[in-house]
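Listed next: structures, encoded as structure tokens.
One chain, chain A, links the two complexes that follow: it is found with chain B in the first and with chain C in the second.
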Partner chain A sequence: MIRLERRLETPRWLGVVIPLASVLVALLVAGVVLLASGHSPVEVYRSMIEAAFTAPGAFSATLVSATPLVLTGLCAALAFRMRVYNIGGEGQLYMGALGASAVGLALGGLPGPVVILAMILAGMAAGSVWAAIPGLLRTYANTNEILTTLMLNYVAGLLGYYLIFDSNSFWRDTTSPSAKVFPQGKTLADSTSWPAFHLGAVTVPLGFVLGVVLAAVMFVVLRSTKSGFQLRVIAGSDRAGRYAGMRTKRAIVLVMLGSGALAGLAGASQVGDFSHLFDPSGLQQVSYGYTGIVVAALVAFEPLPLVLAAILLGGLINAGFTLQGATFPQGLVGMIEGILLLCVLCGSLFGRFRIRMRPAAAGAARTPGDRGSAGEDRPLVEEQEIPILASGSEP
Partner chain B sequence: MESRTNRQPAPAIEARGITRAFPGVLANDRVTFEVRRGEVHGLLGENGSGKTTLCRILTGLSRPDGGEIRIDGRRVHFGSPRDGYAAGVFMVQQHFSLVDRLTVAENVVIGWSRTRRVRLDHRRVRDEVLATANEYRIPVDVDAFVWQLSVGERQRVEILKAMYRGARILILDEPTTVLTPNECEDLFVTLRRMAEAGASIVFISHKLREVLDVCDRVTVLRLGRTVDTVDLRRERVDPGTLAHLMVGRDVPPGGRRRTPVHTEGRPVVLDVEDLTVRNDFGRRRVRALALTVHRGEILGIAGVAGNGQRELAEAVTGLRPRESGSVRVNGRAVPGADPRAAIQAGMAHVPEDRIGTGLIPSLRVSDNVILKDFRDSRFSRGPFLLSARVLARTRELLERFAVRGRPDSLVRQLSGGNAQKVLLAREMSSEPAVLLVASPTRGLDVAATDAVRALIVEAAERGVAVVLISEDLDEVLDLSDRVAVMYDGRITSVIDPVTTDRRRIGMLMAGMETVA
Partner chain C sequence: MNHALVVTLLASAVAYGTPLLLGGLGELLAERSGILNLGLEGMMLVGAVVGFWISQSNPGPTSVTLALALLGAIAAGALMGLVHAIVTIAFEANQVVSGLALTIFGGAIGLSSYLASSASLGGQPGHHQFQPIDVFGLKDLPVVGPLLFHQDAMVYLSWALTLATVWYLYHSRFGLHLRSVGESPHSADSMGVNVAAYRYVHTVVGGAFAGMAGAYFSLALTPSWADGLTAGAGWIALGLVIFAFWRPGLLVVGAYLFGLVTSLGFTLQSRGVKLPPELFAALPYLLTIVVLVLVSSVWSRRRLGAPAGLGQPFRREE
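Now for the complex of A and B:
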């Protein structure tokens, strides 16, 4: 019989080996599917790497997708680390784009740096406000934030559609010839375009730079500040937080505000770095808010590796755009993404559990949690079989 | 069931050579265990001696690495608890598995209807459960919702559940931890009655007196091995002998005592007046309660679980809002529903729920040590924590309080005793004026119990006003200077722990007598 037993301690080397092995397994499994669909896995992977990273301009294109993913990933990481399950990065991103484009349109005449700063702040504020709703509902009305944040995504999405397609709102372009054919947002003034940085041949958008900086900030805050300590305590047990005199409700609202601000910044960056207009349908097609949760989950909500995961997934998305065509359906790209995610999440199981083989006996069946009680220093939590792929948010 | 060919009926349980290893420990090492039909058989051992593991194996919750089990003479291989149930082996765990929002009757039949019909006939099921309760004289209101019940009552529901489901071998895991002396006696009567009716009872305990009171025979485990099986009906055994078998060296049975100190003349440190508190469901669980604790005094609060002790502790320490009343520390009022204010007023609290409220199991020992002090300028500068100082502080406390563990161990990796010592170390090191401890030694082994008791006594000797809330009457009597009996949200009487008769205290705890 094979069984999983909880590890009391995870060896450090496993933290490196497991993700790499998981990716390898994912590539093998996906390879089988590719073979079955008549594609050469080696060829597909080679062209994917080329399209994502090595071809001229590929890495810059990858960063276009990685930029929002870093920010929405951090949005998910911050909240999930606190065990506040903010699934609303998507809607908070829309609201961030809405807020940033409003400010960009209104202040278009002012000097660039001023407008850009105002857009950043407006995007973060709009995302915060949107996240504050479920945050307050959770703390003061005891609602489940998973549901409220998810539902508010639809509200935000529909609000965006309404503003561009169904009303003559401030955001809608009613003058240009193309807008007469198909409704679209007003284009922002050139002075509102966010600067990009050039590292050799690679173009790094401002949003990506902000994302990396914020990832570093989050790393430091979580690790060595009083606020991070409170977050870890409340995540571990909010009763213990209250017992220790922490304002746990306020902490939850603050985390939601911060989380929403990160997704809002992702929305602002979509406007300022890339689209230069408020484009609700474009934002909804790419669903960076949801993918951010995936990015964060891939690295167990650790901010620094999260940047790498965002680049990896950004590369995958970018390669998908390039690969898809008559002979390579989009579904195959999604399949590779899905298998990758599944394998990494399953792999993370082995960080927390070990496999134990034992001889099978007659009538063998799965036994529920198995608690030992021997040894002088009996640990409080012992080996257990836990058949779930938990979110891995154990700090 | 078979093998009547022998002169003696086969034992109800016959386990030989049971071995079970966990990473790093041999929980059961060739354990031999035999329970006869119709006997109450004690299973005695310290925490970590392998009692729980053995019983989990006997019930099918866990599978042995080696050895064989016979139930009524028949070799069995339990793959799951269901196989154990089929053979009539049931266990009442220390942690109950009841659904709060269902009634007692519903909890008893959950997943175990006697009929095959899909629809549940509530009325019939209720009557059946009631009949079982009456048959074994288990006093439980079958229509009550489980969330309304005290811990003691919940335990009775668990026993009822097993009996309803046809238990012939019933294993009780430390069942008396939550009961008053009188309730224990009731339980013992029930157990004896069940044994006379042919049921076999395995009674797990580390309390010697209980084992001597109720058991026919007792098997002692130590460090995963069977030390001896003693027939209490044939041999005269004193507690000291059993304690020696259990611990492997001579220990005073029961642990540390304190000679009561008269503290009337000393200044009052904690003064609670007219305190009324509601529980999570809006019911008043503390009613107009008043108490005072003097400098250097240990005030014990005795009572059956569920008489408002928990709400009292939470209201005094700010975890739970007060409906009315005041709490003063050294004459200064402490605002309600504000744990931080209570901490600042000099209140230290060792909660009943150590792991989860008092400590965070997923965090390191060092994090837990500074849980309440992390804002202090000793451990932080600006927004940052000073990890070197935190580490130094943790090392110092681990050494001072003789905790076995490293600063970077997770609390969940510690043993129960060491975790409790970490908690006490943190609370006492804050130089509190008041120390409120709830069930401080529950589940701890003899050595850890002794260490924890010593720390509590030491706190009082240093002038701390100590409130000791415990369902373990012996502990309250051994350590307190005065004992307040709590019943139905009130302090019904304050008694002298030395001169008052145990039986009377039991009556008071059951609300049967009031003394001014």
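Now for the complex of A and C:
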């Protein structure tokens, strides 16, 4: 008989095997769907790998998609670790793009480095402000942040559409000939373009570099600072944190602000690194904010491996753009992302339990009371606290 | 009289509220068993596309085709509900992330878009649509005529399902067990109730309701396909369940209130009121936030409604 025994610790190798196995299973399942709809999975995957990684210039293009994903992934990782379910990275990204493009347009005449720094700060600030709304509502009105962050994504999207398509806002281009045919945002001055770095044939955007630096910062802060320790305690148990005199409400608001700032920076990078204008419909088509959640969950919300996950999913999205059409059916990207996430979730069972094949009677040797000791580093296992009505902050 | 603004508005409030009601009922059943299903939006989209696909490709007469399309949508939603159930019950995985995964899987850049593009459904005009039925020939009664006696079959179905849910929850043995599973799975288990079975059944049924809700978009409301057709209705339905304190009766009120807000924009625009369309479009989302804040801050002190076992994986202590 198959029995599940609770593990005291997750072995390290499982942290590598589960994501890898999940990728394989996701490709297999998607392959079945491809076969069923008359495509050759081998052919599709071969061209995907080529378009994402091996063709000339492919890796640079993959980094273009990976750049926002590192940042929105960190946005999700920071919040989800704390069991603050910020699904609003998408809207916070739009707001970051809005803020950064406003500053870029207004300060276009100043020297490049000054404007670029201002754009970064403006993007982060705008994302923070947008995230502060659900953060404050969660802490002071007990309102479920899952739904408020999500609703604000739609509101931010509509606000963007209004500014470019239905008003003569500061962001909208009303003079150039092409803008008279189809509404678009004002293009920023050349001096506001963010610098890129060249490693051999690969172009690394500034946003990606910032993302890697921030991932390292998050790793160090969480692991070896006092505030990181406090966050880990509160993530493990809100009540324990409060009992130890930690200001848990303030911590949750701060996590929300930081999380929003990361997504806002992703939005700023969209403007500064790539589009050089505020393009609400372009941002909505790619949904980097939602994909960030997949990126973060794939590596159990660990900041350093998150960079690799972002490159992997960046490759998937890049392949989706490049191959769009007959060989690469629309919707495949989201399907693979969803299956991947489900596989990782199922795989995490093996991190929490050991599978034993033996008669039922022999299982009695289990130590009593090992339930609930699954390790404090993994907030997403064991005793899920899902704040669907009240956030549990009222004693 | 029946063409007065108020009556048109109320009639379309019922139409726009119906998918919210159906989706909300499904979510309510799942959450009553302790399973939070954030995959509602994805299930609705897949239900919508499957329903539309069947209605476009089936050669039979309208009534048969629509019935088949609805059944297909229900099956698709139920299948996705089953996946959510397996992941969260058998694998005890995080319910929030699993639901999100299903929404991404089925959503506007996932399966629903995949199916629509492989059957090239986008832009096709719908061949079949649920039409209003003139019940007992009473559609011309003032005010109540258009509201009660001139709706399409799915609206009447949603009313029947609401009544059935009320009866089931509060007047049947199964409903009693279901509520106990949601409130305290361990006590239910010690009473001999099969917790896992209740959770499986209600998550799958919840998915079936979501598929039906999605089909209402593509078979009744706007018989056509565009990626992301449901435009967040699944998320609003999730909010409505909280608003309704997990009670089907209040859910009806909430669904039609939100239907009214949605239809307000369309109705006023068609009457020549000049305001940015984005403002009207944003109203349901903003209202959801306002309602959630009110419900959670003002009324939650009385601790109404939320099943105590919601979101908790159940594992029998050995």
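Here is the rule we use: the second predicted complex is superposed on the first by the 342 of 395 C-alpha atoms of A that agree within 3 Å, B and C clash if a C-alpha of one lies under 4 Å from a C-alpha of the other, contacts with A are read in each partner's own complex, and residues count from 1 in each chain.
By definition in this document, contacts are C-beta pairs under 8 Å (C-beta built on N, C-alpha and C of every residue); 3 or more make two chains touch, one makes a residue touch a chain.
Remember, predicted model here, so these are calculated numbers, not experimental data.
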Chain B versus chain C as contact partner of A:Ala141, first or second or both or neither: second
Chain B versus chain C as contact partner of A:Asp166, first or second or both or neither: second
Per-residue contact with chain A, leading partner among chain C and chain B: C
Partner chain in contact with A:Thr225 - chain B first, chain C second, else both or neither: first
Contacts of A:Pro329 with chain B and chain C, given as first, second, both or neither: second
Contacts of A:Tyr290 with chain B and chain C, given as first, second, both or neither: second
Touching partner for A:Gly245 - first (chain B), second (chain C), both, neither: first
First (chain B), second (chain C), both or neither touched by A:Leu117: neither
Touching both chain B and chain C, residues of chain A: 363, 366, 371, 380-381, 383, 394
Touching residues (chain side chain B, partner chain A) in the complex: 20, 22-28, 47-53, 56, 60-63, 65, 77-81, 83, 223-224, 317, 319, 338-343, 349, 351, 353, 355-363, 367, 370-372, 374-375, 380, 383-385, 387, 404, 411-416, 418-419
Chain A to chain B touching residues, read off their complex: 5, 8-9, 221, 224-227, 229-230, 232-233, 236-237, 239-240, 242-246, 358, 361-368, 370-383, 394-395
Residue ranges of chain C touching chain A (in the complex, touch as defined): 31, 36, 38, 42, 83, 87, 91-98, 100-118, 231-232, 235-236, 238-239, 242, 276-279, 281-282, 285-286, 288-289, 292-293, 295-297, 300-301, 303, 305-306, 310-313, 317-318
Complex interface listing, chain A residues touching chain C: 33, 37-38, 80, 85, 87, 137, 140-144, 146-148, 150-152, 154-155, 158-159, 161-162, 166-167, 287, 290-291, 293-294, 297, 329-335, 337-339, 341-342, 345-346, 348-349, 352, 363, 366, 371, 380-381, 383-386, 388-390, 394
